[in-house]
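Here's the structure we're looking at; comments come further down.
Labels run A, B, C and D following the written order; every chain starts at residue 1.
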Amino acid sequence: MNLDYSRAELLVAVIARLLEGCRHVTVGASSPIPGAAALLRRDLTQGAMRVTILGSNRYNAYTNGGVETFDMAAQGRIDAFFLGGGQIDGQGNINLVGTGRYPASDVRWPGSFGSAYLYYLVPKVILFREEHTRRVLVPKVDFISSPGVSAPGVYRPGGPYGLLTGLAWFSFDKQKQRFRLESVHPGHSVEEIRDQTGFEFDCPDEVPFTSAPEPAILTLIRGRIRNEIAETYPRFASTFAN
Amino acid sequence: MNLDYSRAELLVAVIARLLEGCRHVTVGASSPIPGAAALLRRDLTQGAMRVTILGSNRYNAYTNGGVETFDMAAQGRIDAFFLGGGQIDGQGNINLVGTGRYPASDVRWPGSFGSAYLYYLVPKVILFREEHTRRVLVPKVDFISSPGVSAPGVYRPGGPYGLLTGLAWFSFDKQKQRFRLESVHPGHSVEEIRDQTGFEFDCPDEVPFTSAPEPAILTLIRGRIRNEIAETYPRFASTFAN
Amino acid sequence: MNQQPICELAELAAAVPDGAVLVVAQDNCGVSMAATRELVRRGVRGLHLVCVPISGLQAEILIGAGAVATLETSAITLGEFGPAHRFIDALRKGRIRMLDATCPAIHAALQAGQKGLPFIPLRGLIESDLLASRPDWKVIDNPFSPGDPIAVLPAINPDIALFHAPLADRAGNVYIGRRRELLTMAHASKQTFVTVEAISEQNLFDDAKLAPGVVPAIYVSRIAVAKQGAWPVGLPEHYGADDAAISRYVHSAKTEEGFRRYLDEWLNVEEVTA
Amino acid sequence: MNQQPICELAELAAAVPDGAVLVVAQDNCGVSMAATRELVRRGVRGLHLVCVPISGLQAEILIGAGAVATLETSAITLGEFGPAHRFIDALRKGRIRMLDATCPAIHAALQAGQKGLPFIPLRGLIESDLLASRPDWKVIDNPFSPGDPIAVLPAINPDIALFHAPLADRAGNVYIGRRRELLTMAHASKQTFVTVEAISEQNLFDDAKLAPGVVPAIYVSRIAVAKQGAWPVGLPEHYGADDAAISRYVHSAKTEEGFRRYLDEWLNVEEVTA
């Protein structure tokens, strides 16, 4: 299948759609695709949606140090955030610490960052991981950096909204505590998703393809957005549309 | 008795002596005599002792807002502070709220300010009240803005060091939970102190007079200190040596 | 999170609903007396007024005007100008619910609000009548050291923070310099309303030296220009207090009638002059 | 509370005792790699390293050099340059005690230290393995709302805060601008050691625009001048990271031997150049 857009461009367009209705979106320091998507959404709202990119000078109007992101989340002033994970399981648990027996992990990743807090407090947490394999999408994470769901009574206004990978988009059902396959990216199939996913998920009989970016959106991504993210993610910007 | 210094000058000199050994002294916004005394002590230590005067721009190097005073006290970075009170009793309890039945007080004062915190945390709290009458120095305060002593087990590195009035200096004994008359200001007598004090206190057989300010100290007070406090307490500075 | 935060003063005051939890700062931080006057003019009622951590003329006038139902403060003081007569009178007549506090308790509870914590512990307070008179404060055992009692205070999350500042920009950023309690107030409150001396045409974040002293626009809902907007209180580093006006206030406010006369006159001042 | 805070870099490093609780900031806040090098040179051991809230090359090198006994951080990352090999290796070999945290927990515990609180509550965390692996963290019932579990964290009060800043003055005031976590670190720590690019002959408080971004001298024990003192890490708004040097580090540190060779070379650099 020969598409006239790159995977990165598709993902940016998908995320920008998912951010509809948000007033303020915060993006982590090393998240170029979510960063580009947030800036795209901002452009589409004529700047009404605010974007904070952690680690950026230009897209960071904080004056209370690193704690401000977390305080803002607790104040309800961050509507959406992105989390990844070395492992993600079918209940939405994420592992950013490592595999095997903690703390002498077989594979050790950097650590949990703000996940064990933001995942609880930000209403729309989009799990984003391009690699869609059984290595990443596991039946049960080896270490819970942050759980996908919480017991009744635990203060948790936030949580997973869904999971976007290089192959598909799943929504998350908090009642059922399960992912549901919503769309498969053009060029891929439900079988491929099943093969590459280590956890069980709900799957409707008919799964649509993920909508391709509209031409106007592609133009924006390739023009203004690419320039805007160059400050924050210079290496990414240069390889963006490949 | 015809003294060659004013009462204010005596009190400034006494307090400056009490501040010996301090590294950092903080003074409230409307405390000109303690303020002048702290600046005098600072001069005598060639600036080694730091002075913070709340509400001053010149003697306030804080950059975290009003909370910084209280945080510093909790950090152990304030060695001495001054508290007053509409009522002070023999256990060192202070009342900055009012007389009669709270909250519909017969006489209402401004309020407790930071007393219910700083009195617990600052090691050397000097109670300072010029008026020495049974109206102020009462058997039992009507409202405890802050207690003079705390039950065992209560975290209390700070508390009353003593009580300085226009007539005398009392030390405070934390074990006995009582004041002890240490000196009577020149021109006054132990009988007068007894007459004017509403609470019981320890009194040695021989009570010395409070030492008069040395000539060099008086010169400093009348020169440099008077100029230095003019910024913070302009009205006070102009009437200082009367 | 208002895209067009700059509005008229009357509009700003009209957006403070009756019954709001309103947080204000002490005199040396920037007090919006201009907005206070508009609030009195519009006849706001039932405020829960939180003072960080004390107040002066602003609280005194709001109380005298009957705008305050609950007062939470560590002190009300007019300093050397004399007693806060309307505050004292309202207490004596039981017209306001009084929540006497201590300065660090108000700061800490506001910081808890800023951090979205339900409560925060604080040293001091134990065995004081302040604590005894505050049913909303509790004492718990330090969970890390049994037998160590410590006070815990519920967070303060005001509906609206209101203050006066020297400068804002068109995007809604406000310069506060070293007056960091104003930032805490803005973070802890649902909305922040500010009056300013002037509007800068340049974004305050474009000047790296100004940026550390800015309340970012995301916290600021409404900004109105009010020249000499702290008058008769001063704005440190900009103008001093109008001692004569405050003295006259204190003299007038000895009686309810005198206060009313002062108020009528004050509400009819066309242009504020210091 | 040092009257003459300015000293030589070696003197500053010598004043960090073995076993100290040392708190450092993340890369975009000002990382004193110059002092780190001196610490490694003097062979410091047994540090309890607290990272606010994460670290990169600084923690990685201290760990590799055997200086760290306990590591408290929310992440160790060299970003796109690759894995932190020495950190990973030390964990695998059980050479360091690991206290994995989440960013807001480190900020909150440090703020508790700043406020002299014994502990602070924090949302999140519940039912995570982070909480399960931290015996020093607890869960209590919100005293104001039974049935609402909430984590409580003991305060962090480091012995020494260490960072790099653009400017200090002779009185000991240090300019940090918007990097407010550095102020919190200084408040919470018993002592603060700072390396700076330059010393201003003017007191920083004399410039009203600079004052809001200053760590006051009362918190600062030692200051040493170290030009390009963050190298090979960058100092935002002053100079960027030396990507080539960091890449070469990551490549070298794949093995213990490679790391040792890199270290020898690094310790022998006479003058740092970016």
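Note that in this section a contact is a pair of C-beta atoms (placed from the backbone, for glycine too) under 8 Å apart; a residue touches a chain by one contact, two chains touch by 3 or more.
Just so we're clear, the structure is a prediction, and the values are computed from it rather than from any experiment.
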Touching chain B and also chain D, the following chains: C
Most distant chain from chain C by Cα centroid: A
Chain C and chain D, separation of their C-alpha mean positions in angstrom: 37
Computed distance of Cα centres, chain C from chain B, in Å: 29
Between chain A and chain B, centroid-to-centroid distance (C-alpha), Å: 59
Shared interface positions of chain B, touching two or more other chains: 62-64, 67, 70, 74, 121
Residues within chain C bordering two or more other chains: 108, 111, 115-117, 122-123, 148, 150, 178, 180, 183, 211-213, 237
Chains grouped in pairs wherever the two touch, ordered by label: A-C, A-D, B-C, B-D, C-D
Chain C-touching residues of chain B, taken from the complex the two chains share: 29-30, 55, 57, 62-67, 69-70, 74, 96-97, 102-105, 108, 110-121, 143-147, 150-151, 153-155, 235
Chain C - residues contacting chain B, complex: 26, 28-29, 52-54, 73-77, 79-80, 84, 87-88, 91-94, 98, 100-105, 107-108, 111, 122-131, 133, 147-150, 178-184, 236-237
Residues of chain D defined as touching chain B within the complex: 1, 3, 114-117, 173, 183, 187-188, 205, 211-219
List of chain D residues in touch with chain C within their complex: 108, 111, 115-123, 138, 140, 142-145, 148, 150, 152, 154, 177-178, 180, 208-213, 237
Residue ranges of chain B in contact with chain D within the complex: 23-24, 47-48, 50, 61-64, 67-68, 70-77, 121
